[in-house]
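Okay, here's the structure, questions in a sec.
By letter and in written order, the chains are A, B, C and D; residue numbering begins at 1 in each of them.
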Amino acid sequence: MGLNHMTLDNSLRWSSDEIMTIAASRTLQNGQTCFVGIGIPSTAAILAKSTTAPDLILLYESGTFDTNPRNLPLSIGDGELAESALMVVSMPEIFNYWLQSSRVDLGFLGAAQIDKFANLNTTFVGNTYESPTVRLPGAGGASEIAAECAQTTVIVKQNLRTFVDKIDFITSVGFGDGSNYRKENGLRGKGVTKVITDIGILEPDSQSCELILTHLHPHTTLDQAVENTGWELKVAENLKFVPAPTEDELQRVRALVATSDKN
Amino acid sequence: MNAIDKVRDLPDAIADFVHEGDTIAMEGFTHLIPFAAAHEIIRQRITHLTAVRLTPDLIYDQLIGAGCISKLVFSWGGNPGVGSLHRFRDAIENEWPCKLEIEEHNHAGLTNRYIAGASGLPFTVMRGYFGTDLMHNTRNVAQITSPFGDEAITAVAAINPDVTIIHAQQADRAGNIMMWGIVGVQKEVVYAARHVIVTVEEIVEFFEPKFNSVIIPSILVSAVCVVPGGATPSYALGYYGRDNSKYIEWADTSKDRAAFENWLHAEIYDGVKSHDS
Amino acid sequence: MNAIDKVRDLPDAIADFVHEGDTIAMEGFTHLIPFAAAHEIIRQRITHLTAVRLTPDLIYDQLIGAGCISKLVFSWGGNPGVGSLHRFRDAIENEWPCKLEIEEHNHAGLTNRYIAGASGLPFTVMRGYFGTDLMHNTRNVAQITSPFGDEAITAVAAINPDVTIIHAQQADRAGNIMMWGIVGVQKEVVYAARHVIVTVEEIVEFFEPKFNSVIIPSILVSAVCVVPGGATPSYALGYYGRDNSKYIEWADTSKDRAAFENWLHAEIYDGVKSHDS
Amino acid sequence: MGLNHMTLDNSLRWSSDEIMTIAASRTLQNGQTCFVGIGIPSTAAILAKSTTAPDLILLYESGTFDTNPRNLPLSIGDGELAESALMVVSMPEIFNYWLQSSRVDLGFLGAAQIDKFANLNTTFVGNTYESPTVRLPGAGGASEIAAECAQTTVIVKQNLRTFVDKIDFITSVGFGDGSNYRKENGLRGKGVTKVITDIGILEPDSQSCELILTHLHPHTTLDQAVENTGWELKVAENLKFVPAPTEDELQRVRALVATSDKN
C-alpha cells in the first residue's frame, strides 16, 4: 500500500507524507462529520481538530463517534478512540444509521490503484480475482464510504504503479465510466472531490468527472505529475500551488506522528 | 441457569462445540479478539472450518496458516496499521498450506448479513456493493427492487454460524456477560449463532454501570471460559492495552513459512496449554 | 456546536419546527412521553398533522380531541392498563371533532418502518402481518420473495418524519442528549427524522455512566428545550414516577366530550404557559 | 376488554381472575423465556417466578429483559420493570432479535373475540374496519407474539360476546382456517396451545387444530362451557378438573394484586 512509508526529500523541510497530511487537514471544515481511517487521514483530522476545525466530529468504522484522541491511533479500534469518544456504537449503527443514511460529510480513502475517474482498487493486483498476483486487503468500509459520504477525499502517492489507465478491480466507485454512473448505480454521495498526492491535488471535472490536476505542491513540477500518471493527465487552466506548510503545521504533524507506537 | 452450569475449561468448550466442517465466527473489532480460543482450535487441529469474520486479522491469519480454515468469509484482510496478512495472502496466492476458498464482502455487507441472522430473517436489505466489481465476484448478495417505488436495493443473505466465539471483560455468577468499549458486531453475531462460547477476563459479583456496555444474557451462552488475557495481543478495555509490537512483529513472523511454523510449534503446539484455569 | 446554539424555549421550538400538515412522531414507550411538547402544539393550534406513534396513549388522545391530528399512524391505541382511549375512539367511530384517517400497524411493523427510515432505506424486511387481516387493511406493507430460496417476507416502507419530538433526562452543555431506562424506539425515530426537538429534565455538566443509556449526538438535534416534568403524567426514570392516577382519571375526563373540552380549556388553552424556563 | 374486571363469586374462595391467574401460572416452566403482557399475564408470571419457576425469564415488549418486579406493574413500561431488569434493550432488539428470531418460549395474549381455531380479534367489533361500532386498541405486539413464540397461551373470559363463530377481524393468527394455515403463511411458532378461561381450559386438537375443552375449573360445569361458546364446543374424552388453588397460591396472588396502584 505504501501510504505509510515516509520518504523524506532532504532538500525540503517536509516529507511527502507531511505535505499530504497538511493538505488534507486544510480541506476539513469546522462542524463537519468526518469518517476517518488510520494513517494520514487520522493525522490530518486530528491536526485539523487541534487547529482550524475544533468542532470537527470524527467517527471511525469501529463505532467510536466524536472521538478526541490525543495520540495517533495505530489501529482503527484503539482504546483511546473509545475512551475519548462521546459514544461508542455498534458497527450496525455506524454503517446503517450514519453512513448508509448519508449523515457523514466527508470520508478519507486510500488506494493501491486509481483510474482517471477516481475508481479505487484495494482488492488485488495482477492476473485474476481468483488467482491474483498480489492479494490486497479488500473493501472494508471503503466501498460504502465512497458511495454514501457527501464527499470523499482520496490520499494516495502518485506513480505509474498506482495511477493506472485501467484498474484491476473496482473496489470503491469514483465515477465509474463517467458522469452518470453514480446516479444510475444508486450511489448518493457526490463521490471523490479531491485526490491529494505527494505531487499535488486532482479534482474531478464538473462535466466529464475526469480527474484534473488543479494544484501542485510547492516543491513539485507539472512534468513530475504527468510522468507519474498512467493516462494522459489533464491540467486545470489556472493550475495553482498548494501553500507551503507553516512551521506550526509541521510541528503539530511531527508531534502527532511521534505519539504513534509505530514510530 | 447459574454459572456453574456454563463455566467450562476452554479446551472442553472448544472440543464440545467446535467440530470439523463447522461454520464459525470469532468476532471482536480490534478490541476483545478471542485469540486464546483460536489457539485452542489450532491445538485441537480442528480443520475444514468455514470461518467468518469482518477482519481476519492475526487471529485468522494464524488459523489459516495452521490449516484449520478451508473457506474464509471476510471483508477486510489486512494487518491493521501494519500491512499485509501473509498467511492469508500465501493461501490465496499460492494455496499454502491448502487451498483457501474465499467469499468476500465489505464491512457493511457482512454486518448486515449478521443482522439478518440475528433477526431470524433469510436476508436483509441495504445500500451497498452498488457499481463495484465485488457485486459480480461474491455470493449471497443480490439486487432486488423496492415494492414501494422501484428503487434497486441490495439483499444480503443471513449468516447463522454453528458457533460464535467472542471474548468479553466480565461474566457474573448467573452466566450473564458484560462487555464495553468497542463492541463491533459482537451482539449480532451472538444472536445469529446456534452455539456461543464466551471467554472472559473474570467473573464478578455484579456489573458496574458503564457507558455503552452490552449485556449478553446467560440463556444465549453455551459456555463461559475464564481466560484472563484471552484477547492478547488485542486488548480488553479496562484490563490491558493492545500489544502493538506483536502486530508489528507478526509481519516478520508470518512472512516466511518456516518462521511461521516455528512460531506455531513454539507458541501453540508445544506452548503452555492455554491461559484457562 | 454548543448548547447555546440549540437551547430554545419550547414555544419557539414548536413554532419554528412544527407546521400545519407536517408528519410528526412523538415517541416514548410508557416512559419519557413528551407531554409538555404536545400541549404546546395544542396551544399553538397546529392542525392537519400526520401523527405517528406506536401507542397513541393519552398524548395523542389529547391531540386528537383538540383537532390537531388528521391522520394517525399507530400500532396500539389503548390507555395502558386502564382501557380505551375515548377521544381516539370518538374520532374513529363518530368523526369528532373531525375525521381521523388511520393507518394501522403492529409494534414490530412500525418499529421496522422507523428502522428503515433511520437507515436511509426505502424499506426494510421482517416476518410480520402474515395471515392477519391487517395485511389487507393497511398501507406501506407488501409481500416480497426472498432472492435466496423463495420464502415470502414482508416489506415495510420507511417512515421519515418531518419532526420527531422526544423527552430525555439530560442534555450536556454541548447539546448532546442522554436518556436511560426504557428507550423504546426513540433512537430510531430520531435518526429517521428531518428535525428533532428534545425536551429534557435538566442540563448537566457531564453525563454519569448508566446501564443501557442512549446518547443522541448534538448534531442530530434541532432544538433542546429545558422542561422539567415535561413527561408528566408519564415518568422520567431517576426524576419522577408515573402518575398512574392521571391515567385512570383520564378515562373519565376523556369519555365525555364536554368534560374533555373543560380539561382542554382549563389545562391547556387557559393553563399556565407550559413548564419551560 | 373485561380481562381485568374482577367478578367475585361469593360462593367460592376465589374470583375468576384468580383462578385464571393461577391456572396460567402453573403452565410456566422453570428456565423458559416468557413474553408477558399487563394484567393477568404479569400476575401469573410473577407468581410462577416466586414459586415453581424461579429462573423464568420475563420479557416485556417495552424492552425490559429478565425483569424481577416485586410489585404488579400497571403498564408494560413501568419504571420497576426497567430497574429490576438484567438489561433494557430497544424495541427493535426485542422484536427483531428476540421475538422474530423465535427465541421466546411462551407468550400470553388476551382477546375481545376468539374463534374455534383460536384466531384473535383485538381490533374492532361490529360493522366494518373503516367504520367500526366499537374500536379496540389493535395489534400492538400481539400478532408477532402469536406468530413467533414457540407457544402461546390465551387468557380470556368465556362468553357469547367473546367466543364467537366468526370474529370480525383476525388481529393475531391462531390456526387460521385449520391445520395447515400457519405453515402456509410463514408463522413459525406452534401457535395457541392453551386457552385459559374463567370456565376451564381449551386446547387445540392435534389434527384439526380446533379448540377442545380439556379442563373445567373446580366450580364450573360442562353446561356452562357449552352455553358460553358461540360454536358447537367439542369436549375432550377425558375431561379433567383443574386442581383447586392452594391457600399459598391465593395468598400470593392477592398480595401481588394489592401492590398494583390500580386497586
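Heads up, the rule we're going with is that a contact is a pair of C-beta atoms (placed from the backbone, for glycine too) under 8 Å apart; a residue touches a chain by one contact, two chains touch by 3 or more.
Since the structure is predicted, the reported quantities are computational estimates derived from the model, not experimental observations.
S.K.: Going only between touching chains, how few steps reach chain D from chain A?
M.R.: The least step count works out to 2.
S.K.: Between A-B and B-D, which chain pair is linked by the larger number of C-beta contacts?
M.R.: By the number of C-beta pairs in contact, the winner is A-B.
S.K.: Express in whole angstrom the distance between the two chain centres, defined as the mean CA positions of chain A and chain B.
M.R.: The separation of the two C-alpha centroids amounts to 28 Å.
S.K.: Between chain B and chain C, tell me the centre distance in angstrom, where each centre is the average of that chain's C-alpha atoms.
M.R.: 39
S.K.: Counting only residues that touch at least two other chains, what does the list for chain D look like?
M.R.: Residues 87, 96, 100, 148 of chain D each touch two or more of the other chains.
S.K.: Identify all positions of chain B at which a residue touches two or more other chains, and write them in rising order.
M.R.: Counting only residues that touch two or more other chains, chain B contributes 119-121, 126-127, 151, 211-212, 215.
S.K.: What kind of graph do the touching chains make: line, ring, star, complete, other?
M.R.: Drawn as a graph, the chains match no named shape, so other.
S.K.: Can you list every touching chain pair?
M.R.: Applying the touch criterion to every chain pair yields A-B, A-C, B-C, B-D, C-D.
S.K.: Over in the complex, which chain D residues touch chain C? Could you list them?
M.R.: 1, 4, 38-39, 61-64, 73-79, 81-83, 87-92, 95-96, 99-100, 123, 129, 131-144, 147-148, 169-173, 176, 181-182, 185-188, 261-262
S.K.: Mind listing the chain C positions that touch chain A in their complex?
M.R.: 1, 118-121, 176, 191, 215, 217, 219
S.K.: Which residues, counting only chain C, touch chain D once they are in their complex?
M.R.: 29-31, 54-55, 74-78, 80-85, 88-89, 92-93, 104-108, 111-112, 114-115, 126-134, 137, 151-153, 180-185, 187-188, 211-212, 214, 235, 237, 241-242, 244-245, 247-248
S.K.: Within the complex, which stretch of chain D touches chain B?
M.R.: 30-31, 33, 55, 57, 65-66, 86-87, 96-97, 100-102, 148
S.K.: How about chain B: which of its residues touch chain C in the complex?
M.R.: Of all residues in chain B, those touching chain C are 119-127, 140, 142, 144, 146-149, 151, 153, 155, 157, 207, 209-213, 215.
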